Structure formats: C-alpha cells, structure tokens
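Common to both upcoming complexes is chain A, partnered first by chain B, then by chain C.
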Partner chain A sequence: MDKIKMFFKDFAKRLKHIYLSDKDRPSMIQNSLSSPGFSSLTASILSVVIGLLFGFFLLLILNPSKAGMGLQRILVTGISAPDKFAKVLYMSAPLIMVGLAVGFAFKTGLFNIGATGQYTIGAFFALFSAIVWGFPWYAAILAAMAGGALWGAIPGFFKAFFNVNEVITSIMFNWIGMFLVNLLCLNTPKIISDYWGGNIGNRTANLAVANPSAIIPKWGLDKLFDSNYMNIGVFIAVLIAICMFVILNKTTFGYELKACGYNRNASVYAGMNAKRSIILSMVISGALAGIGGGLYYLTGIGNYNIEKLLLAMGFNGIPVALLGGSNPLGIILSGIFISYIQVGGEALQPTFSKEIIDIIIAVIIYMSALSLLVKLTLEKLIRRRKKDKILHCCEAKEAKK
Partner chain B sequence: MNIFADVLGLTILFAVPLILVAMGGMCSERSGIVNIALEGIMVIGALISCIFLSMVNASGWGIAHPQSAVMLAILISAASGTIYAMFLAFASVNLKADQTIGGTALNMLAPAFAIVLSWALQGQGQTTIFIPNWVRITPQQFGVPADEALNFFERMFINKFFLTTPVAILLFAIITIVLYKTKFGLRLRACGEHPQAADSVGVSVYGMRYAGVALSGMLAGVGGLAFTLAVGGGFQSSVAGYGFLALAVMIFGNWKPLRIFGAAFLFAVFKVIAPMASSIPFLPTFSGIKGGEYLYLMLPYLVTMIVLAFTSKKSRAPKAEGIPYDKGSR
Partner chain C sequence: MSEYVIEMLNITKEFPGIKANDNITLQLKRGEIHALLGENGAGKSTLMSILFGLYEADEGVIKKDGKTVRIKNPREANALGIGMVHQHFKLVENFSVLDNIILGTEPSKFGFIKKQEARKKLMEISKKYGLNIVPDAIIEDISVGMQQRVEILKMLYRENDILIFDEPTAVLTPQEINELMEIMRGFTKEGKSILFITHKLNEIMAVADRCTVLRKGKWIGTFDVKTVTREELSRMMVGRDVDFNVKKIPRDKGGVILDVKDMTVASKVHKNNAVRGVSFEVREGEIVCIAGIDGNGQSELVYGLSGLEKLKSGSIRFLDKDITHDTIRARSKSGMSHIPEDRHKYGLVLDYTLEQNLVLQRYWQAEFQKNGFIRASRIRKYAQKLIKEYDIRSGQGPVTRARSMSGGNQQKAIVAREIDKSPRLLLAVQPTRGLDIGAVEFIHKQLVSVRNAGNAVLLVSLELEEVMSLPDRILVFYEGEIVAELRPEETNVEELGLYMSGAKRQPQFTKTVPATKEAAHG
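Here is the complex of A and B:
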C-alpha cells in the first residue's frame, strides 16, 4: 500500500512541476516526462481518451442522430444502476485472472497465447470436480488451478526441453484442450445438463441443481447490489493480483523468473536453472488462467456449452495485460475498465453492434503501443511552450529598453 | 478410390491459404518484424474482397465475367491486406513499438470492424456476406461433359476449383525466387539477421522492413480470400484461427519456403481427415464413445506437436526478429 501511496504522491508532485512551475528549473519538466511511471500512465490515459474519441467518431459515421446516446451508454451504463455495476465486477473477475496469466508470462519473457486453452481446462476441472465429485467451491477453484497449471506446463515443457516456440505450442494446445474438454464432457453423462433434469444435451449442468455448495458465495453482496451476478469472485481475483505483484517484485523467486525472461544465457551463467524457470513461469501463468475459468463457471450463472469454438475470454486476457502494462496492479484496473466498457457496449445493442467496443479496445492498445510517439509529442509540446515563453521574455525586455 | 481423390482435393484447397499466409509471415519475419497480425490481415482481405464480390454480383457484371471478377477480388484482397499491414509496419518500424502489441491490436480490430461494417452495409444483425456461386470453376468449364463421371485426377484437381489455387502456387514460386535469388531478397533477409550490418553497407533497413510487412500483408490478404472460398457458405467476420495456424506452420517450416509448403500439406491432410473420417473405410470410427469425431479434430494439432518435438532442436528463427531497429544502438 505504501508503494501505491508513494506513487500517487510522486505523481502529484510531478504534475505540480509541470503545470505550476517555475521558470527557473526547466530541466525538471523533462525529468518528470522521461520518468517511466509518469509517461506510461499519461500514455495509457491518453490512449484511452483517443480510443473513446475514435469510437464516438465511428458512432457518428454509422448513425449521427444516435451517436450521442451511444457514447453516453458506453460511458455511464456501468455505474447507472447497482445491478449493472455488479455485472461489471462479475465480468472483471475472469478478465483480471486471464490478464494476470498473460501479463505474468510477458514479465517472464514468454507470450502465453494459450490462456484460452488453460481457461477452458480450468473450467472443466472446476465443473467436473464440483458436479461429479461434489467438491465445495474453494476446492473446485483449486482443481481449476491445477487444470490450468497442467495445461500451462505443456508449452513450458516443450520450450524448455525441445526448443519449441511457446506461441506455437500454446496455439496447438488451445485447440487440443477445447476438443478434449468437449470429448470428456460428452462421455461424462453426469456433467451434462439433461442428467439433472435439464433438457439441453450439449451444456453442463446447472450448479444450483447439481451442487449448490460449489457456487461461489455471495456474502450478502447480491442483496446489496440487488443482482444475482454479484459474488466474491472479483475480490479473490484482486487478492491474487496483489500476491502476484509481491511475488514478481519482492521475491528472489520472481526475480529469477524475470531474469530468465530477459536473458536466458545470462541467468544460466548466474547459476539459475533456466529450464525450471521457464516451466514454472508457464505453470503459474496457466494456473492463473485456470482460476479464471473456475471463477467464471462456478458463479452458477454461466454454463459451459459444447461448441467447436475457442472461448473468447482467454484471448481478452491479452488486451487486459497490455493495457495494464503487464503490472498486476495495473491489470486490476484495466480488467475492471475493459469489463466496464463491455457492459456499456451491451447496452448499445440493437442500435449499434457491440463489437464497436472491441474496436475501441483495439485502438486503445494500438495507441498504447505508440506510447513512444505520445511521449515525444508531449515533450515537443512542452519544449515549444518553453521556447515561446523565452521569446516572450525577450520581447518584453526589448520593449522595456 | 474416389474418397482418396476427394481427401486430396480438399487437402489442396485447405493447404492453399495456409501456404499463402505462412509465406507472408515468413516474408515479414525474415525482414525482422514479428507479424502476429496475420489473422487480422486475413479477415480484412477476405472482408473487402467478399464485399466486392457481392457488389459485382448485385450489379450483374460479375456473372457475365466471373473469372475476371474473381481475379479483381484477389487483387483487391491483396491491396487491402497490404494497406492494413501498413499499420503494423508504421508502429513497429517508425515508432519502434512492441510488435506483438501492435499485432494483437490489429487482430482484435479486424473481426470487430468486419462485423460493424457488414451491419452497416447489410442491416442489423446481418453478419454473413454471401459469396456468389459463379466464383467456382466447375469441371464443365474445364470441358468435362456434364453427364460423365470424373476420373481420379479430375476429381482431385478440378472438382472444387477456385482461381486462388493457381494464383497461390504462382505467388509461392515468385516469392521463393525473389527471396533467395535476387538482390532485394538477400537484403531483406540480411535485415532480419543483422540489420546493423545491412545498414553499414547502405541497405535501408526501414525500407526493407516495410517491404517485408507489405509482402506479408499482400499474401495474408489473398490467403483470407482463399480460406473463405475454401470453406464456402460466405464470409462470417472470422477466419477461424487460420492466421495463427499459419504462424504455427511457418515456425514448423523453420522459416523456409519448401518446408513451409510441406508443413502446410501435412497439417491440411490431417485437418481434412476429420470431417471425412466416417467415409474412409480403414479408419476406426470409435463407435464406443460419444463424440468420436473430436479425436480426429485433435489429430492435426497433435501430429504437429509430435513432429515439432522431434525436429525443432535445430529450429532457428531470424536473429533480429522482434527487435526494433535503432540506428544508434550497437
């Protein structure tokens, strides 16, 4: 917490320097702009603003008379009613988890594009243990974690021992995982909805019927928000994010994983076991995605449908991680933000298609990739202002003479 | 024997987009830019060219000149893919942005844009752009009489034939020759291995990287159209992960054209077996378990992994890929 406090204090100080200062110390301006924390936050906020403006522009082109209403829906639906806000939090729990999975892998030099496979396997382990074995919710989440970890370990193993790029293994095991889960679901009659009196043969059972103890508890929050969507899932996700922050930044273990990502040879030279680190990074990343699957499917609302499509939720982890700068604390914010505008996007239908939100998110990510450009432009602007000031001063002096 | 001809024919049909897109990925990576946006570029190429096809169909010009319309559609898909890829080039060459991030953004943008555009053009909820029937070249147009049964080779090559197949083979040959037998190709590859060295002898690294990404955009755009034609049933704002599969085929093919060619066929043949398994006599049907087709659906991915585990000890990516070129760095 101190770290966060410090960050905000620092941030305020820097802002002061820029806007209130101080002709005597122009170098401070450049110092504050070149500091990574400040410019990355400014860049993130700027890219969000540009993304939203782009979305508004698109709405204007598609339907000028309703564009204002559309933008308003995107921006305020999430806080317009308690139950909408509950939905934002409900969606953000799995988003934060898959974002953490991708972000953790990024931090350790790996690109885990397989979060969707790990998420699917995690969901299956959670549902299987909950429905077939009657596990309570916390044990089912642990099972989800184990499933995700197992599926994450495979790309790590292939990379460490066979030198296969983790991107290709993850892509392959996304599909293998999804097909395998479908196959296993079909051959476990007990997990399917119609065993429990439902009438749908290609969907997992309703948890409220099959095993109510496996539903993540609500602790009265559902009454507070007046919404069935509300449960403690998002708090679990935030707690895990904080744990990941500590592990990555404050422990030797986290340092070793990051070191292997930066430079495998250097870390081997320094006496670290690179193979172990790669596999462990992928195991942890997979476990995080698996927990995400557990948190989503143990709410008792969503059921797993047997389809031949990869789940989109896992892929959404990539933008969440990128927007959060792969920092676990940033991922909490970006996960909630993306869930927020997605809930806003659903309110756009049927006037506009909700994919406009995806376009906005894509523009935000593209702009955040351009953070260097944003930074340079900012610096140029400030330098120009400085020049103008100096010119003004000179003119004033000459006028005095 | 007919069933084998069908399997082989479908294999060719599905290998074509894989080859095109994987070659595209290779062009870009050989110049030093990781192009993870292949999926998005495919979607854009398919989207724009399918819109074009349905427009010329509506105007009646298409049915009068079917194959010139398809040829134009191919050119349009190439152009739109190239333009879309320029966003990646601009971000990763000029602005030295992280290439994975830029690519992910483009991957996300493309299908969303496709859905929004097809809604805008065709009305609410209308996300499928139908492709007219005349794009296919029927055996009759090859001069096979309508009442005659096709022989083995006819069944394999011309039963389901689109103009994209010969264009793809031509493009494959041209790209391979350009990359390995011309000055341009050597320079492009040098920029992916050691850009500083290339720069020191006067090669424009930025220019070469732009060219690499442009080529990949062109090939992936055509690949998107080829995939949509192969699947049939119209364009539905997605290419079902084929861009990522092409990425896998490229790595599997070790960034080399001929190996990519082989890898694409290996992958495609196992991919085609899944829907055909029940009609191939000697394959087990797994009647004891439900959903036995999933075992076949898993097959191409499993086979790829097994082959990779044995072959990729020697695999070597272009050395400078993914690293933005900075003139000042050592």
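Here is the complex of A and C:
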C-alpha cells in the first residue's frame, strides 16, 4: 500500500515538475527550433495546411462562387460562437481518448485497429452499469474502462502467447464486440429506451430519465458556454493524456513497454517479461478506448443505436494518433483539431456536403504519413540556413578586417 | 596499354563535418589482388563507393586503362567492367539464385525472359570457376557463404574484370574464408583484378600482392605485401603500436563459479538436440573458450546458460546455487553478464538512445529509479561516465540513437554495459566479430581485466587467433558435445582444427548419447 501511495505522491511531483520546468526555461523556444520535436510539429502543421488547401480546391470545383464562404466556415465556425466551441470540446473528448488508445499501442509496437470494438464495449459497460445498476458517472466510466481493457486484453493475450497478429484478432473483435453489445442490449429490456417511456425500441434509454446521476457533470460550464454539449469530459481526457505522457516517458514501466515494442528479443534478453508487456500494452490501450466510449455516451446527449455498423469514432483514433505523432500531448492537439474541422464541416451544409471534411482529413493523414519526408526536408533547410548564416558572418568579419 | 587497369588519382570527398577521403591515390594493376586496409571509418568504403558510382568525388580523377572516365552510377561502373560484392549483400531474399544473378540484365525477347539461356550461361560459369550452386534455391534458404557465392557469380555473369570485395570475410567461417581465398587467386590467373577491402592483416598477408593503407581519410602508403610485416601494417593502420599479446597475470585457480551438469538444449532448426549432455566447470580467474565451427551448438549453450532458452535436461549451478529454473532477471541479479552474439537482435534496442541502452540491464535498480520513475539525470551522468571510460564514440553523446552508431561503437556500448555490472561470470559470444584491430585489442583487454579481478569469462569464439591467444582453457564443441579440453600453450591450430572438424576426440569425452536415438525422442 505504501508503495502505491509513494507512487502517486511522486506522480504529482513529476506533473508539477513538467509544468514548472517549461515555465522556467525562457530559451526553450529558441532551443526547440532545430529540435526533432519542433520539426515534427511543423511537419504536422504543414500537412494540415496542405489538406485545407486541397479542401479549398475541391470547394472551388464544386461551387466556385461559394468556395470562399465554405473555407471560412471550415476555419472559423469552431470559434464563431461559444456554443460551437463547446461542441468542438464535446466531440474532442472521445476523439482524444481513442487517439490515445491507438497512439499508446503504436508507441509500444502494436497496431491496435480494434479501438472501435473496445470503444463500443466500453460504451456498453458504461450504459449498462448506469442504467441497469444505477451507477454514478465516475463509477460508470470506470466500468467503461474495465470493458475496454477486457476487449484489448484478449488480442493481447493471443499475441503474447501464440504470436497471433493483433491486427487480425482486433479486427475480428470489433465485429464480435459490436454484435455482442447488440445482442446484450436486445436481451436487456431495462437498457432500452421504451422501458423508460421512450418510444424507440432500438436505442438505449435517455440518461436524464433513467439515471441523471450518471450524466457527466457540467460544473456550470454549460451556462458559461450557453451550450448543453459542454461538460468536463474533455478535461478528463486531457488529464489522462498527460498521465499517459508521464507513464510513457518518465517511468520504468513505460521504458519496459517501449523497449518490448521496439525490440522484443532485446527486452527478453534484458530480463523483462515481454508477454506481460504486450498484454499490458493492449489492456491499457483498450482501457483508453473504453473510457472514450464512456465519455461520449455518458454526456446524456447521444444514445447508443442498435445498428449493424461499426462505430466510426473508434477508427477516427487512427488519424488522431498519426497526426499527433503518437505523442500523448500531440494527440490532445490533434484530437481538438479534428473535432474543430468536423464542426466546421457540419456548417458547410446545405451548400456543400459535409463529407468534404472527411476528404480533408484523409489528405492530412496522407500528408502526415509523408511527414518523415517533410521533416527531413525541413531539417535540411534549417541546417542549410544555419550554414549560410555562419558563412555570411565569416565573410562579414573578413570584410571588416 | 597502361600498366594499371584502374587509377584513382588524388580523390577527395567531403561529407558534412568530415573529410572521408583526403587526396587519396589508388592504382590497381592488371591481374593483382590489391588490398585496401584501414580501420572502421578510415574511408575505405567511401573510396570504393566512388569507384562504383554510388558517390561522386569532389576532386580527383578516375582512369580506366589510362583514359579518364566519369562514373555517375553503378550501371556505368558495370559497363566499365567494375563489379562489387557489398559487405551487406544486395540480394532479393525470396528470389531464386538464378533470378538474382540475372536481375537487371535479364536476357529477353518480346518482353519474355529467356531463362534457359541464362541458366546455361550461369552453369557454364559455375563449372569454369568451380563455384557450385543450386540455381533454383531461394536466397533466404541458403547459407551466408552461399549467398556470397551468388554475389560473386553475379559479377562473373556480367563479365566484370575488376572485382571489388568489401570485407568479404566478416561473415564467413574459417573454412569458407580459405575457399574464398582460393577463388580469388583463381580469378587473378584469368587476368581479373581484385580490390579487397579488409581490416584483417592475416588475410592480406595470405592473399594480397599489394596493399594500400588508409587512416582517417588519408593515404598512408602503398606497399608490396612481401616487403612489409604484419606489425608494420597494423602500426600504419592504427597509428600506434598494437599489442597483439594480451597480458595475463598468472593466477591460481579459484573456486568454482559455474558448474554445468548433463546440459541438453533442444534445437530450433532441426529435430536433434543442439547441446547434448554437456558437463563442465568454470572457475574464478579463468577465461574458458568454447571453440568450434559455427552451428555446433555454441549459441544454444549460451541461450541455456543465460536463460533465453529452457533446458531439456541437466542442471546449472552458479555460485553454489541451483539456477536451472531461474529467470533471466534473477540470473542477471546474481552476477551473470551476457554479451550476446547478435548485437542488433538481442544486445540493443536500436531505436533507444545510447544512454537508454546503457541502463538496459539496470534501469530497475534503486540507483536509476525511484518509485517507478526514471531518474533521468542519474542515467545521463552514468552514461557519460561509461562513454568516457570505454571511449564510446557517437554523434550526440548520450542522446544518440543506437541505430545511428557504428558497429564497433555499438559493441563497445554493450561491452561497457555488461562489464560495468561487475559480473562474477561474463558470457561473451563472439565479442569482437566485425570489429577493427583497435576495438578488438580494447575488448580483449576488458575481458582479461574481468578475469584478473578474480571473476570468470566464458568466451565463445570462431576466430582461431582469438581462441589461441586469450583463454586459459579451450573446450572444443562438435555437434553439441565437448570433444576436447585443451590448453592454448600446449596445442596448435592444426590440432585444434582436427578436433573442431570432428576428426579427433579425446578419450575422456566419449560419445554419450547417439544422435539417432535423440532424434527418435524429438
């Protein structure tokens, strides 16, 4: 127990340390100009700009006279009104979570394409515990976490013990998860809307009716932003992202997981338990996706529809993770950004169809997949610039003499 | 016609931050084997890449038969009859031997490959030079020696008469090296000229006619091999005297550190056991060398000792404690260190930085972590200390990615990490493979210092020179069994060779378990 207590105490100290050290270093920005972190951020921004330009090009082809308006909608809708911004934050919470799920797995050498399944199971655990058992919101989120973790653990187990590729198992578990949830929902009358006086038979109950205590609290933010969408979900997501950053980069646990991801043989040679690392990576990744499901469905706004389609939200984690460079802090930004242009995309209607945003996101991802190339070019340019500068200095000095 | 087939005159090539070649002149006579000698990073590979058209020189000219030529890419080099066997083979792993050889010059008609014609030509060449191959074998299924043969045939198929061999012996067993030397001599009789890049002096003395020495990008000299000694060459290459004799202080045998009884380890590649009922001891203050031809169970023996592989039967006692079923971490904690055979597969996490790799075996110790959090500043300090003590060179010090470091320095990092753990027993598997003389000398000194401090070293080596010079005791492995125990001062290379090839066996090592019976079990 003491050990755990000490761990959390240290954890708090580290968080403070990160915050302070950033503030105390005025030269940080200058130093980072040529650092790899900076150029990967620049590369991401560059991909975003190219993606938006491509989107504008599309708008021009579709309707030249309205294209300018369209681009403006995409770019500024998110901050045009407090309630629009609230919607950006509302959607970014689950996006950040699934992005973290995929990114965490990437960092530890796994491709978790099963985030959508873990997200669905997480959503079901949250809704079931909230509606059927009357859990309060925090307990329901923990249940969502457990559900996602379970759904991540199974592919992890098969990968660790039988070397079955996690891509294949987790794709299958997406479908198994979705149909299992549908089956369970249909056989649990209490979870369905019409049990609580609703009139729809294939949708989960409205939380406001079934269990208001399960709705994620708003802490007055809804009044501040004048929007029903606003709640503390995005803050929970950001907090978890920061924790993930600390775990990956500052702990021996993260060191082991990454070592195992980069080179399983070497991690075994160094006495680490590679099987345990693989399973834990998938458990954590699944838990993150599960929390995402909980955060989205416990807002009290959306309800789970019993359909035969995989939820798109889980797959959106892949672009979020890629754009964020799999770095938890980068994922916070990319999650908010993707959410931002999606809100902008909705405002394109009816002049344009909102799928344009999907195309823009696709182009951005394509570009960020090329980001290595962009990154290297950028680094080369910076280096050349520096060299030129030095040459100029030398020449100037000689001229003086 | 000019005396020289190829002349590279006053070649200079600069890379950002380094002058890889500084005014180097190399002249290759017709029908000679010309060795190019230098340490890692001396500029040998750069020079050859310029000749092969991979780089273009900043200054200097290249002449073929006295006429100035410009070589812009490997295709043009090929047209001039220049062929190269790279250190890391350029073969398509899942293509057949024949497909690889004709790749790029496929004889075709209307877009259809005329394979029969190619096959005929290949078999003719193969017969002419005595280079036997199976044309339909897939590259990934054949041995490294065979792959090299495919590379050589590729050059012959293209009718090249200037052949560049880039460190061809680094991957070969002693037997294969001898074969290769014979093949090279055969080529010169045909009037072909060979450029032979290496840092192994024995090979130069054995096969080369002339030798050009490079050091740190500069031309040191070109010599007739008959007129120089090994020691002179090594001094020119390294820039100082190299001490080939390792100083070992005489020691009395101490207590038993490792006691192995009837150890049997299964093989991953075939049904027989790789290690068959082996028993031996290693004592304080001695270096015991496991000698043998590659693939006779030495690797599996070490896997069993280090815990990477489970034993099928038998027991291991380490420091008077039974560790047969201990985990790798437990063995490491009780004082066992391991320099693995394959530094990229086991020894390093290539995507980690140098400092992260230096604590790979110790990151969990209280010194480097507190309540599960990494103590970054302590790791940095520790890494800086090791970098200084073991002279590990890298671009950005502790934060260099291991992947971007040279092979010699990667190995030094592993050696530093394993020896700094103050092991009671150091398992060192081919610790000097592919390294230049300076680094070899350094690593040998480190192994001896472990021994001199009263600890034990179990060395697995394929290099006969190392086997004869370093250990106190030699155990010869043949087909998974110990066939002889020798003392280096009482034996010679010929006798060792007989035991290694299975032609001889000491009476006390009787064949315990017949292989056929084991196969039935497996």
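Everything below uses one rule, namely that the second predicted complex is superposed on the first by the 338 of 401 C-alpha atoms of A that agree within 3 Å, B and C clash if a C-alpha of one lies under 4 Å from a C-alpha of the other, contacts with A are read in each partner's own complex, and residues count from 1 in each chain.
Operating definition for what follows: contacts are C-beta pairs under 8 Å (C-beta built on N, C-alpha and C of every residue); 3 or more make two chains touch, one makes a residue touch a chain.
Bear in mind that the values here come from a model prediction, so they are computed numbers and not experimental data.
Engineer: Using the superposition on chain A described above, determine whether A:251 touches chain B (first), chain C (second), both, or neither.
Structural biologist: second
Engineer: Give one of first, second, both or neither to describe whether A:168 is in contact with chain B, with chain C, with both, or with none.
Structural biologist: It touches chain B, and chain C stays clear.
Engineer: Counting only touches as set out at the top, which of chain B and chain C does A:271 meet: first, second, both, neither?
Structural biologist: Once the two structures are laid over each other on A, A:271 reaches chain C alone.
Engineer: Under the stated touch criterion, which partner chain does A:182 make contact with: chain B (first), chain C (second), both, or neither?
Structural biologist: first
Engineer: Applying the document's definition of touch, where does A:219 land relative to chain B and chain C: first, second, both, or neither?
Structural biologist: neither
Engineer: So which one touches more of the residues on chain A, chain B or chain C?
Structural biologist: Per-residue touch count on chain A favours B.
Engineer: Could you look at A:235 and tell me whether it touches chain B, chain C, both or neither (first, second, both, neither)?
Structural biologist: A:235 sits against neither chain B nor chain C.
Engineer: Which partner does A:133 contact after superposing on A: first (chain B), second (chain C), both, neither?
Structural biologist: neither
Engineer: Report, in rising order, the residues of chain A that make contact with chain B in one complex and with chain C in the other.
Structural biologist: none
Engineer: Report the residues of chain C in contact with chain A in the complex, numbered from low to high.
Structural biologist: 16, 306, 308, 327-329, 332, 338, 340, 345-352, 356, 360-361, 363-364, 369-374, 376
Engineer: Name, in rising order, each residue of chain A that touches chain C in their complex.
Structural biologist: These residues of chain A touch chain C: 3, 6-7, 9-11, 14, 250-253, 255, 258-259, 262-263, 265-272, 383.
Engineer: Could you list, by residue number, the parts of chain B that touch chain A in their complex?
Structural biologist: 36, 87, 91, 95-98, 100-102, 104-106, 108-109, 111-113, 115-116, 119-120, 124-125, 241, 244-245, 247-248, 251-252, 289-291, 294-295, 297-298, 301-302, 304-305, 308-309, 312-313, 315, 317
Engineer: Using the touch rule from the top, collect the residues of chain A that touch chain B in their complex.
Structural biologist: Counting only chain A, the residues touching chain B are 58, 62, 111, 113, 158, 162-165, 167-169, 171-173, 175-176, 179-180, 182-183, 186-187, 308, 310, 318-319, 322, 350, 352-353, 355-359, 361-363, 365-366, 368-373.
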